[in-house]
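One chain, chain A, links the two complexes that follow: it is found with chain B in the first and with chain C in the second.
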Partner chain A sequence: MAWLALTVFVIAFFGFILAPILVVVVISFTSAGYAAFPVPGWSLRWFWRIWDYAPFLDAMRTSVLVAVLATVLSCLLAVPAALWLARTRKGWANAVSTFLLSPLSMPMIVIGFSSLFFMTAVGIGISFPALVITHTVVCLPYVLRTVTAVYRSLPPAFEEAAAILGAGPLRTFREVTLPLIRPGIAAGALFSFLTSFDNLPVSFFFGSAQTNTLPVVMLSYIENQFDPSIAALSTLQLGLALICLLVADRVYGIRKMTVAA
Partner chain B sequence: MKGLNRRRFLQTGAAGAGLALTGAPGLLRAAEPKVLNVTAYGGVWETSIRDCFVAPFEARTGAKATVSLGAPAQWLAQVEASPEKPPLDVLIMSPDLAITAAQAGLMQDLTVDKVPNLAHIPQEFTDACLGKGTYLDYGVAGITYNKNTVPNPPKSLAEFVERVSAGEFVASVPSISYAITPIMLIWMLAKALGGSAEDVEPFFAAMKKMKNNLVFWAGPNDFFNHLASGEADIGIYFDGRTWNHHDEGADWIDFINPTEGGALTAVAVQIPKNANPLAFDYMNEMLDAENQARFAEIMNYAVTNTEVVYSDKLKPRITPWQQTAFPPYEAIGKARNGWVDRWNREIGR
Partner chain C sequence: MSPTRAPHAPARRPLPGWLLVLPAVLFLCAFFVLPLIGNAARSFEGADGGFTLLRYLVLLGDRFNLGVIAETVALSSVVTVICAVIGYPVAYYLVRHAGRFGGVIIFLLIAPLLTSIIMRTYGWQVLFARRGLVNNFLVQDLGLLDRPLQLLNTPGIAIVALVHVLVPYMVLSIATVLQGIDQRLEEGAQMLGASPWRTFREVTLPLSADGIGTGAILVFMIANGSFVTLVLLGGGFQTLPLLIYQQFTTTRDFGMASAMSVVLLVIALACLYLQLRLVRRQGV
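Now for the complex of A and B:
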């Protein structure tokens, strides 16, 4: 009886989570000129609309580029920081860790708004570099957390053994540490990419004819237009996230990565 | 180390890193002379802006205009961050933000010598922006209904309230999460029922009477879905959006401007201080009768130049602004927070 109740609960729970997403996916294949459910007929016209409307494609390219660059920069900054934070016994390490993780506890809209004024004050203004820097600030904590978690779970004996056998710090990092923390980097990079790619509150303040990301264009589009092309775009974004997860699972295994997270 | 201070170091370092990493698609803009940065909402709005205003501007001046997609709050923040060198030259604004921007001293005065077509715009629209902008087009919030389920629709907001309260039909009204609700619902109903921006008691009394027969929409798509699915029969919505749905195939939908006058919801246009002087030429194109007529034809909304001649299809759909209720945006802005607080306590959705 308990088993049956649990099964019903789990099915209801997943139904509750997945139903709204499925509705969006179904609407993206509607033949109607408006978003309504159930759909009167099936068509791929709203996916073609994405190809037809240049700002969608431009914004998609910008979003991917920003997400990739912010993820690379996050990894370059967060991995060394995580290695130091995981092993150091310095009293102020907690303060450094809290500082680096602080974007997680701040409303993104506050980060976006204050970054706009800061970047303008230092002369970068509304530009692609400013957008990438601000996205990096937002993405960095994800890499830091996952890499710190993985590295803390590893005994220092591996690196000590490498050192005793004559490996220098760089070789130890390349041949011992890096392979061991790779699932943590992969998990952090995945979160980082998806966080950046979907981000609206930060990108919103840096939007311009040259730097608009997909969520900003989508928001602007639905201000006055209600066709299902936004549902089609959401379906594509969902597909991209699924592909990222599948690739990560093939390469590292989701189980290892979720342990890291 | 003369000349290398912290600010210059940050500027050079960040810009250099950006160039190296990306090819800097955003940094090259400023180098172009005679480039104007204008704004638009996405979708058909943007393509209409390009066809109706940008193309004639470019043909007349030989300059180029780039179109930035986004939203008024975003553009205002960007101008506020850099008032000495605004990144945008012409802003599309909501009426309340247009007043905020004007009061903050961020916008330029509009005069007929700088923008000759301003002479054909009703003075009320320019006054509504405190002289630092004017209205480009406007919609009317009124009664939209399903002709199949409501063959005899209410003609006034008072009748709407009575018949919804009596349970004759279910109405879909905007929820408080929709930005314009304080104007298109709270103020409009309060005024129609004898109140004002200072006294919205009639609105809350009406909502109490109607509460068993109301559903709430958070965005325009929700409203349409309520009517399309039969969840609601009637509601408070915009004329232009109703006609857009109609033209997209929903021929069962119709709109009535209530006898008390539906709330006028306009799109304002403003030029920031220190903007490119070509902004006045672009603004003149935006206020040109011929250009506005083409814009209205695409958007299904009324435009503001009094010389505009609407097509036969559009003419019966256009509500003259004199037959609408002109919202006192300044007074609404002051009272808005109190209304939202009371809504959350008494209505909650």
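Now for the complex of A and C:
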């Protein structure tokens, strides 16, 4: 009896979780000119509308570029740090780790707002590099967390063996460590990419012709119009995220990627 | 000088390992800490360039502004409590009953995190519109009402939307701790005659308190800083992030927005401190 009630509750819960998402996916295929449910007929017209509306395409290009650059930068900074933090026995390493993860705990609106004034003060201004740098602040912790978790779960014996067999530190890293931590890097990079791509609270403050990201353009569009092209864009974005997740799962396995994460 | 090193040999000491962490630390100092310090400095800067506490006096001494701070904390607290209440049974089911469906459940939990914030709010707008799915269901299918309810722009829908985004964090935090509970403790309680409900109340629930705590801090922290949901779904809330957003877009009083950011930041730091203490306790 209790078990049945619990099962019904869990099913209702996932109905609640999926409802707003499925509604948008369905509406993106509507033939109507307005967003309403149920839909009167099916068509792909709103997907074509994305191609016709230049600001969407420009913003998509900007978003992909920012997300890729911020993720690469995050990996370059976070992977070496994770390698040291996972193995060191220094007492202050914990404090360093907390500091490097702390952007996750700060309200993004505060990070975005403060960064805007800082970038202007140091002369970088509201520019593409400023956007990439600020996104990196937000993305770096994700890479650090997954790489540290994966590296910590590996025994140091592999690298010791390589060193005993005469490999230098660089060669050990390239041929032993890197292949072993690759799932962690992949998971962190995936989180980082998706976080950056969907970021609104930070990007919002860097609105200009070359720095308008997709969520910013979508926000200003939705404030004026309520046609289903936003639904089509959202569905496209969800599809992209699902493909990334499935590919990463096929290559590395979800479980391996999220060890203790 | 170490005895092994000959006078002429080049000094080839291995570089210290902590150099690896240096670039990341310097990067965050420059582009994360410095901007926040600059922001705090701006909140103390008077019109003549001198030091002033005026903004904080206004922020903490004014009825309206104190109300905003209280409302921010109250909204986040309500969202956190709802997440805990509806998230706990799901976490319990995931750990104890899901079996081979565990993977599917975790995937469904992560699914909302893969969607954009715009998509989710758009979905709620369609569902709760005047002629939306929820109203049609209540009026036409159930016949409970004779005319549609005004659901959009009410506080309820903003809370629903926030719970929707944040409840997965709560479920995953609780599930992690539930997973680690030794089930023999529960079996022992039942063998000694405790009913299933009493076993849950007096054994399982207290043992999983840390999971609820971790999840609660996480949810509270994110809810505290959220503003896009409130901007798009309305509901008449006046919270700190919303006011910062308004100061930036319409009022353009950047000094005041900085002071509000500092208050928000202090709340976030308090949460971070609590989180660290909880994690440390779990570690022991």
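Quick notes on this structure:
We take it that the second predicted complex is superposed on the first by the 247 of 261 C-alpha atoms of A that agree within 3 Å, B and C clash if a C-alpha of one lies under 4 Å from a C-alpha of the other, contacts with A are read in each partner's own complex, and residues count from 1 in each chain.
One rule holds for everything that comes next: a residue touches a chain if its C-beta (ideal position, glycine included) is under 8 Å from a C-beta of that chain, and two chains touch if they have at least 3 such contacts.
Worth saying up front: this structure is predicted, and the values here are computed from it rather than measured.
In the three-chain model built by superposing on chain A, chain B clashes with chain C. Once the two complexes are laid over each other on the shared chain, residue contacts for A:36 go to chain B and to chain C alike. In the superposition on chain A, A:219 makes contact with both chain B and chain C.
Looking at the shared chain after the overlay, A:129 reaches chain B, while chain C stays out of its contact range.
Contacts of A:24 after superposition on the shared chain: chain C is touched, whereas chain B is not.
Of the two partner chains placed around the shared chain by superposition, chain B and chain C are both touched by A:113.
Of the two partner chains placed around the shared chain by superposition, neither chain B nor chain C is touched by A:176. Judged by the touch definition given at the top, the superposed model places A:200 against chain C, while chain B stays out of reach.
Using the contact criterion defined above for the overlaid structures, shared-chain residue A:189 touches neither chain B nor chain C, since it reaches no partner. The larger set of touched chain A residues comes from C, when the choice is between chain B and chain C. Within the superposed arrangement, the part of chain C that overlaps chain B, taken from 152-160, 170-178 or 206-214, is 152-160. Residues 35-37, 113, 117, 121, 133, 205, 218-219, 222, 226 of chain A contact both chain B in one complex and chain C in the other. Partner chain A is touched in their complex by these residues of chain B: 7, 10-11, 14-15, 17-19, 21-22, 24-27, 29, 37, 40-46, 66-71, 74, 77-78, 81-82, 87, 219-221, 224-225, 228-229, 241, 244-245, 248-250, 299.
Considering their complex, residues 32-37, 53, 55, 62, 65, 69, 113, 116-117, 120-133, 204-205, 207-212, 216-227 of chain A touch chain B. The touching residues of chain C, counted against chain A in their complex, run 14, 17-18, 20-21, 23-25, 27-28, 31-32, 34-36, 38-39, 42, 86, 89-90, 92-93, 97, 103, 105, 108-109, 111-112, 114-120, 122-127, 129, 131-133, 161, 164, 167-168, 196, 221, 224-225, 227-228, 232, 241, 244-245, 248, 254, 257-258, 261, 264-265, 268, 271-272, 275-276. Put simply, chain A touches chain C in their complex at residues 2-3, 6-7, 9-10, 13-14, 16-21, 23-24, 27, 35-37, 76-78, 80-81, 83-85, 87-88, 90, 96, 98-100, 102-103, 105-111, 113-115, 117-119, 121, 133-134, 136-137, 140, 144, 169, 194, 198, 200-201, 205, 215, 218-219, 222, 226, 230-231, 234-235, 237-238, 241-242, 245, 254.
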